[in-house]
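In the two complexes that follow, chain A is the common piece, with chain B as its partner first and chain C second.
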Partner chain A sequence: MENIKNKIISILKKYTFDKKIWENIPENPDITKDLKINSARIVDIILDIEEEFKIEIDDKSLEGIKTINDAESVISKKLEEKK
Partner chain B sequence: MNKRVVITGMGVVAPNGVGKKNFLNAIKKGKSGIKFIPELKELNFGCQIGGIPDIDNSAYNNLLNKYSLSSTSSTIKYAVIAGLEAWKDAGYTIPDYDSKDVDYNKGIIIGSGAGSICFIGSRIVPLVNKGLSKKLRSTTAEYAMHSGSSAALSGILALGNQITANSSACATGTEAIIMGYDRIKSGKAKAMLVGGTEVYSPYSWIGYDVLRVLTRKYNDNPLKASRPMSASANGFVPGAGAGVLIIEDLETALKRNARIYAEITGTHINSGGQRNNGSMTAPNPDGVQRCIKQAIKSAGIKPQKIDYISGHLTSTMADPIEIKNWTKALKREKSDFPYINSLKSMTGHCIGAAGTIETISAVLEMYHNFIYPCINCEDLHPEIAKIIDKNRIPQKIINNIDLNYVAKASFGFGDVNSCLILKKIS
Partner chain C sequence: MVYIGNDIISLKDKKNLQDFFNPRYLKKILTEEEFVFVKKNKKYHFLSFLFWTCKESAYKILVKKGLRKSFSPKKFNVNININNKCKNNVIIYGHVIYENCKIYTSSLTNNSYIHTIAANYKNSVSKIFCGIKKIKSSDINKQSFYTRNYLIEYLARKFKIDNSNIKILKDDFTGIPFISINELKSDIEISLSHDKEFVSYAILYKKIIFF
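Here is the complex of A and B:
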C-alpha cells in the first residue's frame, strides 16, 4: 500500500507548480482542491498512473478519483483484477 | 508617431550552436552544424543530411519541465528556449508563475513554416488512426497549434499584448521582425518578442526532397554540403532551430538603460506576384529589387551606405540570380559591392527560423565588429564572379571591421520578399 502511495505522490509532484504546497497538506489531499492541480491535467495523471502500474483505468473509475486515497484504491483494485 | 525601434535582446538555438555565446563562437570559426541523419536514409530520402540543434543540455530544460513543456514539440521547445534567453539577454527577469502583473505593452510574434508537424505526425496521427486517442494527453491542442510557441512563452512571461504566429515560408523569421517593428512603430506595443522556429521532421522535409531542391550529392560529406554561391552548389540543406529577438521602442530602452545591439532603421516586405519569371519557388526579380530598394529608402539612406549584406543565399541555382538582384537594386558591382555572406553555409536552411537566426548572426557581426567566413564557396560560381569581386565574399573571418549599415533579406516560397536595414548604434 505504502509503495503505491509513494508512486502516486511522485507522479502528482510533477504537476504541482509550487513544491512547498506538499509541506502543508491534509491527511488525504484532494488533488484539485488541496494540491491545486489544474483539473485539465487529471487525464495526464491517469495516463502516468496507467503507464507506471501497467493497468487500464476506465472512464467510470477515473471519475471516482478525487483524492490520493481514491487513486490508491482504484489502482489496488485494477492490480487485483489483473491477477 | 515617430518611434524608433531597437534590438535589446537575442536568443538562439542553431544547428552549430545553442545559446548566443556558443553560436557566436561557432560562426567566428566557420563551424558547420550539418550532419548525416540515419533516419532519413532508412526512409529513402534523397537528401540524408541536415542541421539539427542539440538542446539536451539547455539551461532552460528545468523551466520547460516546470511549465509542462517537457513533452511538447521540439518546435515549441526551440522557440521557448530562444525566447527565454532573449528575455534575459535584454535584462528582464522571468516572473513567478503566480505573479499578479501582466505586461500589456509587450507581445509575441513567433512564426514557423511547418509548426509542430513532428508532434502531429508522430503522436497525433498514428494514435488517432489506431483508435488510441485516449493515450493523447490533455496538452495535445496547445502542443499542436501553430501559435503554440508564442502562447507558451506568454504564459511563462505574463505578457498581454498581441500573441500570435506568422507564416510566410522562408521569409517567416524576417517577417516576424517586420510585423513586430510595425506594431511598435504604430504605438500599439512598447516591446515585442519576435522570431521564427522550425523543427526537423521527415513529414515537412520530404516536401523539399521531392521538389528536388535539396542536395543529394553530399550525404557522405555533410560539412561540405551547404555551399551558397559556389559553382558546385546543387541544392540546399534543411535545418532546424529558432531565433528570437527582443525589439523595443528606443525611448523605453533608453529609460531603462538597456544594452542596445542595433537599430532597425528600414524594412520592406512584398511579393513578386509569381509573374515575370517568378513562380511559387522562383523569385520575380522586379519584386526582389523593389523590396531591397524600398527597404533602403525607408531607412532614409543611399544604397552606397550599405557595408554588408547577410544574404538569403541557400546553395541553389537561385544564388547567382540573387546576387544579380542585389547588384541591380543597389546599383553597385565588382569591387564596389558590399561584403556579403550566407549563414546557411554553416546551418543549412532553417526555413521559418532562418530569417531570425540569420538576423541574429548579422547583429552579432555588427556588435562585435567582424564578418564570419562564407564557408564552402572557394569555387565561386562563374556568373557571380562576373558581377562582384571575389574578395567581397570573406573566405576567412574579417576582424576589426566597422559595420554601420547592414542589409538582411529573406526570400521565400510563394515569391515573397522581406528586407531589413540595420544600423549600428553608438
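Here is the complex of A and C:
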C-alpha cells in the first residue's frame, strides 16, 4: 500500500505548481483544495495513474477520488480486480 | 438559489493543444456521443475546448449546490446550439446535463480563448457580468492573485470604495469563494477562473446593493 501511495505522490508532484505546498500538508490531502491542482490537470493525473499501474479508472471511480487516500483505495481495488 | 460558474481556456497554449489533440485525453473528458460529434466536425479540437469549459462551469455550480464528488467530466453531457457554426467572436448557447440537473451556458469564442459563463436558471445567464483580461506571460505564476485583484478592482470602481474594503475569501469547508465588503459577507454571486495568460471573473448581483 505504501508503495502505491509513494507512486501517487510522485505523480501528483509533477502537477503541483508550488513545490513548497508539500512541506505543510494534512495527513490525507484533498487533491484540488490542499494541493491546489486544478481539474484540467486531474485528467493528466488519471492518465498517468492508468499508465503507471496498468489499470483503467472509470468515470464513477474518478468521482470518488478527492484525496490521496481515495486514489490509493481506488488503485488497490482495481489492482485486486486484475488478479 | 441562483448559482453561477465560469471557465476560461487558452487556445494558444502548447500544453492545452497537446491535450486536446490527444484522443486518449479526449476520451477521458468527452462522452461517447460528444466524442463522435466532435470528431465529425472540422473544428473538432475547438469543440473539445468548448465542451470542457461548459463542463467545468457546470461543475462549479454543482459544487455550490452541494455536490461533494470530484470532477468527472464524462458525467457531464453538453448540448450546444450549433446554428452559430462555431465561428470566431460569437456567443454559443447551450446546456449541460448532470444526472437530474440542467445548467445553462453561454460561451464567448475567438482565436485566443473560449470563455463560458453558466447558471442553474436560464434567465440568469444573460444577467451575469464578466471580465476577461490577458496578463503578461511573466505573471502567469501569479494567475490566482491576478484573478482576484482583477475582480476586486472592478468592484471597488463599481461601488466607489477602496480596494482594501473588499476581500475575496474562501469557505473553509467547501473552498467556494465569496466576496466580503467592509468585513461583511456579501450575497454577490461570483466565479473565478484562469488559464495560462487569461484571467476571468463572472458576477451576478442578487439584489441592488447601496453603500
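We take it that the second predicted complex is superposed on the first by the 83 of 83 C-alpha atoms of A that agree within 3 Å, B and C clash if a C-alpha of one lies under 4 Å from a C-alpha of the other, contacts with A are read in each partner's own complex, and residues count from 1 in each chain.
The definition used in the following text is that contacts are C-beta pairs under 8 Å (C-beta built on N, C-alpha and C of every residue); 3 or more make two chains touch, one makes a residue touch a chain.
Keep in mind the model is a prediction, meaning the values are calculated, not measured.
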- Which superposed partner A:17 touches (first chain B, second chain C, both, neither): both
- Message: For A:63, using the defined touch cut-off, is the partner it touches chain B, chain C, both, or neither? Pick first, second, both or neither.
- Response: second
- Partner, of chain C and chain B, that touches more residues belonging to chain A: C
- Query: Who does A:43 touch here: chain B (first), chain C (second), both, or neither?
  - Reply: both
- Item | On chain A, the residue positions that both chain B and chain C contact, one per complex | 17, 40, 42-44, 47
- Touch list for chain A against partner chain C, complex: 17, 31-33, 39-40, 42-44, 46-47, 59-60, 62-66
- Message: Under the definition above, what is the set of chain B residues touching chain A in their complex?
- Response: 65-66, 68, 97-98, 135, 137-139
- Query: Which residues, counting only chain A, touch chain B once they are in their complex?
  - Reply: 14-15, 17-18, 40-44, 47
- Message: Applying the document's contact rule, which stretches of chain C touch chain A when the two form their complex?
- Response: 19, 24-25, 28-29, 52, 56, 59, 68-75, 141, 175, 195
